[in-house]
Amino acid sequence: MNSQQLKNIIEAALLAADHPLSVDQLAVLFMPAHPEQSTEDAAPTRDELRQALSVLQQECESRGIELKEVSSGYRFQVKQALAPWISRLWEERAPRYSRALLETLALIAYRQPITRAEIEDIRGVAVSSNIIKTLQEREWVRVLGHREVPGRPALYGTTREFLDFFSLKGLGDLPTLAEISSLDGIPTQMHLNQSEINPMSDNNSPDSNPGSNIVQLYPAANDTKADTNEASAHG
Amino acid sequence: MVNVENEVSAVPQDAAPPFALVRGEAFNTLPRDLYIPPDALEVFLETFEGPLDLLLYLIKRQNLEILDISVAEITRQYMVYIELMKGLQLELVAEYLVMAAMLAEIKSRMLLPRPPGVAEGEEGDPRAELIRRLQEYERYKRAATDVEALPQLGRDIFTVSAERPDTQVMRLAPQVSLHEVLLALKDVLTRAEMFSHHHVQREALSVRERMSNILSAVNADNFTEFTTLFTVEEGRQGVVVTLLAVLELIKESLLELIQTDTFSPIYVKVPRQSIQGVSDEFATT
Amino acid sequence: MNSQQLKNIIEAALLAADHPLSVDQLAVLFMPAHPEQSTEDAAPTRDELRQALSVLQQECESRGIELKEVSSGYRFQVKQALAPWISRLWEERAPRYSRALLETLALIAYRQPITRAEIEDIRGVAVSSNIIKTLQEREWVRVLGHREVPGRPALYGTTREFLDFFSLKGLGDLPTLAEISSLDGIPTQMHLNQSEINPMSDNNSPDSNPGSNIVQLYPAANDTKADTNEASAHG
C-alpha cells in the first residue's frame, strides 16, 4: 500500500464514521480480519498513520474543511470561517443553554470529581435534578463513583463527548480559571485560592488529588497538559 | 406607572393593585436605584441564579470590587430586592433568606467594638467567609461564560460526513481460547465421570488422530494401497499407531481391507454403503 | 467572493448536509439573509456554481471520496474501491460461543472420529444441529465418513484450520486429560484480543474499566474533601 492510498483510506474512513476516530481505531482498518489470515500488505505503523494524518491536515489548508484532533480522535469539520454560510443549511438555530446548566457544567468540568452538594455549596442554590439529568442525557457528564460518606453521594465528572462537543483535546485545554484578587489578612482564603483556583495546575504533581485522576480517565488530556500550562505561564 | 396588572394578578388585591407588598404595606414606587423597566422586573428578578448571583450584581452595579464591599449598604439593597421578590410572589428559595440572615449577622459583628487586646487579624474580618464565597462563585460564573464561548458543535462547528460505500456489516466470528475449550472438556468429563474410567488417554488420542487422517485419505471410489498409509520416517512407533488406527477403523466398519490373492498388495477402501449413506443424507436435507 | 472560497463553501456544505444538495439549494446559501440588505459580493450564478462543482469533481480523483450527482442533487461519497477497509468500521463481533458448543468441540477434538449420538451420550444432553453447523461453518469440524450402523450417522473430526487457530502442530499437542483435570478457572490471555480487534468497541472509553478508576478515585476524593473542610473550618 502506498502513502497515497493510505491517506485516501484514512480520509474516507474519517468522513464515513459518524464520530471521531483515534489512531488505534484507524489502525484496525488495516489489520487482517481474521488473526489466522495473513495479508500480503504489511499493516501501516502508528507513525505512518500519524504521518498521513498530518499530510491530510496540510492539504485541508486550501479546502472548506479541516482535520481537527479532539479528545476521542480525529474528525473532519467545516472551517469555522465558513460557518455563516453552512449554518443556513438548517432552519433551527443551535440550542442555547441556561446559565444554571452552564455553571453546573463548568463546576463539574473544573472541579471533578464533585458531588451535587459541593456544586450547591459553591453556587449558593440547589441544583435541579433536571439539570443533572440533561447533562447526563447529553452524555457530557457521568457518575465516576460515589463518595464514601453517609448517603454515598454520586461523584460527577465530564466525558469524552463533552470534550469533543467543545472541540477540546483534554481538560487541560479548558479556559484558565479567572484569578480573583485576594483579601489581605485572610490567610485561609489565600490558601484556598492557591490550591483550588486552577485544578489543571495540579496535574503536574503526580500525587495531587483531583487532577491525577482526571489524567488517568482521559489519557489524551495528559499529552496536552504540559503545553497548556507552559503557554499560560508565558501568556 | 407602567401597567403591571398582568404580572401581579396573583396578588389578592382589588382595584389598582400596588406594584408589590412589602411588610404588608403597598409598595407603589420602585426604589430609586432600581432603574429596570417595571414590566421587565419579574423577568429580571428571575434571572438571578441565587443569592450570591444577586449580591455580585449589586456589587458590580456599584462599580465595587468584591473586596471593597460595605456590608451595611449591600445588606440594605439586598433586602430591598428580597422584599420585591416576595411582593411579586416569585418562588423565593430558602437560600435567599439564609443569605439575608448571614448578611445581618456580619453587619452586627462589624458594628461590635473589638475587644481590647485582640489584635486585628486574629479575630479576622467578619466579611471573610462571605467574600470567599463570592469570589469562588464569581470564578465559576466566569468559567461558565468561558465554556459557553468555546466552539460548540452545531453552533460554531459542523461535522461532516460522506456517503458510506455499499457494504455489508461484517460479522466476525467469536474469539475462543484453547483454555476455554479445555475447561469445557473438563466440565463435561467430570459430569460424565470419565476421568475415573480412563476412557481417554494420550495414546488413544494419537490413534484417534491417525484414524481421522486415514479416513480423510481414503475414499469409496478408489482403492488405496495399504502401505501408503504408513510413513517410514515416523519410525516404529508411528507404524504401530497407524496399524492400531486401521484396526480400530475396521472394527468400527469404517474401513475395509481388500486382498485379491495371497501375497498380492493389500488395499483399503471405505465401504460402499458408507458413501451411499452420505448421498442419502444429502438427498434428505 | 473568489472561486476558491466559492468552491470551499460548496465542499463544506455538501459534506455538512446529511442529504444531497441541488444547485438551487446551494444557491440559497449565497443569497442575502434579508432581501433589502445588499451585499458587496454578488451571489454566484448557477453557472459559477456548476463550474465549481466540476472543479471539485476533478480534484477528487486523487482523494478517498468522490462527488456524485444523484437524482436529488450532489453528494460526496466514499469511493467504492475503498469499501474493503471502510466497511471494517461497522464490523461487529458475534456473541461468544456457548458452553454447549465448546464442550462439543472439545469432545470432537479428543474423541474423533465421533458421532453426534456419542457426543450426546457423554454430555448427557442433545446436541443441537446449530452447534454442528456453526463448527462446520467455522471450518473447525468436518464429516470424516459415516458409521455403518442403522441411520449411518456422520463421523466428525477436527480440521487443519482447527489446529492452526489454536496454534497446535497436531492433536498430540493437546493437553492430556490428567493436565486438564488440574486446570483452574483462570482465563488466559486470549480473550483480550476480542476488545482490541473491533474498531467500534471504544477501548479508550473510560467506561471500559470502571472498576479500576473508582478504586483510584476514592482516596483522592477524600483528600479533596479534607482540604475543603480544612479551608472552611478556618474561614
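Letters A, B and C mark the chains as written, and numbering starts fresh at 1 in each.
Following the convention adopted for this analysis, a contact is a pair of C-beta atoms (placed from the backbone, for glycine too) under 8 Å apart; a residue touches a chain by one contact, two chains touch by 3 or more.
Note that this is a predicted model, so its numbers are computed, not measured.
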Of all other chains, the one whose Cα centre sits farthest from chain A: C
Chain nearest the global centroid, as defined over all protein CA atoms shown: B
CA centroid of chain A to CA centroid of chain C, Å: 24
Whole-Å gap separating chain A and chain B, where each centre is the average of the chain's CA atoms: 15
Where chain B and chain C are represented by their mean Cα positions, the distance between them in whole Å: 19
Shared interface positions of chain B, touching two or more other chains: 128, 132, 158-162, 164-165, 170, 172-173
Shared interface positions of chain C, touching two or more other chains: 12, 15-16, 65, 76, 78-79, 82, 86, 88, 91, 165, 193, 197-198, 235
List of chain C residues in touch with chain A within their complex: 4, 7-13, 15-17, 28-30, 33, 62-65, 76, 78-79, 82, 85-86, 88-89, 91, 161, 164-165, 193, 197-200, 202-207, 213-214, 216-218, 220-225, 227-228, 231, 234-235
Sites on chain A touched by chain C in the complex: 4, 7-13, 15-17, 21-22, 24-25, 28-31, 33, 35-36, 62-65, 72, 76, 78-79, 82, 85-86, 88-89, 113, 118, 142, 144-145, 147-149, 155, 159-160, 186-189, 191-192, 195-196, 209-210, 212-213, 216-220
Chain C residues touching chain B - in the complex, by the definition given at the top: 12, 15-16, 18, 65, 68, 75-80, 82-83, 86-88, 90-97, 99, 102-103, 105-107, 109-113, 122-124, 138, 143-149, 152, 154-155, 157-158, 165-168, 170-172, 174-177, 180-181, 183, 185, 187-191, 193-194, 197-198, 235
Chain B residues within the chain A interface of the complex: 47, 49-53, 65-67, 93, 95, 99, 120-121, 124-125, 127-128, 131-133, 135-162, 164-165, 170, 172-173
Touch list for chain B against partner chain C, complex: 128-129, 132, 158-192, 194-195, 200-202, 205-206, 208-209, 211-212, 215-216, 252-254, 270-271, 273-278, 280-281
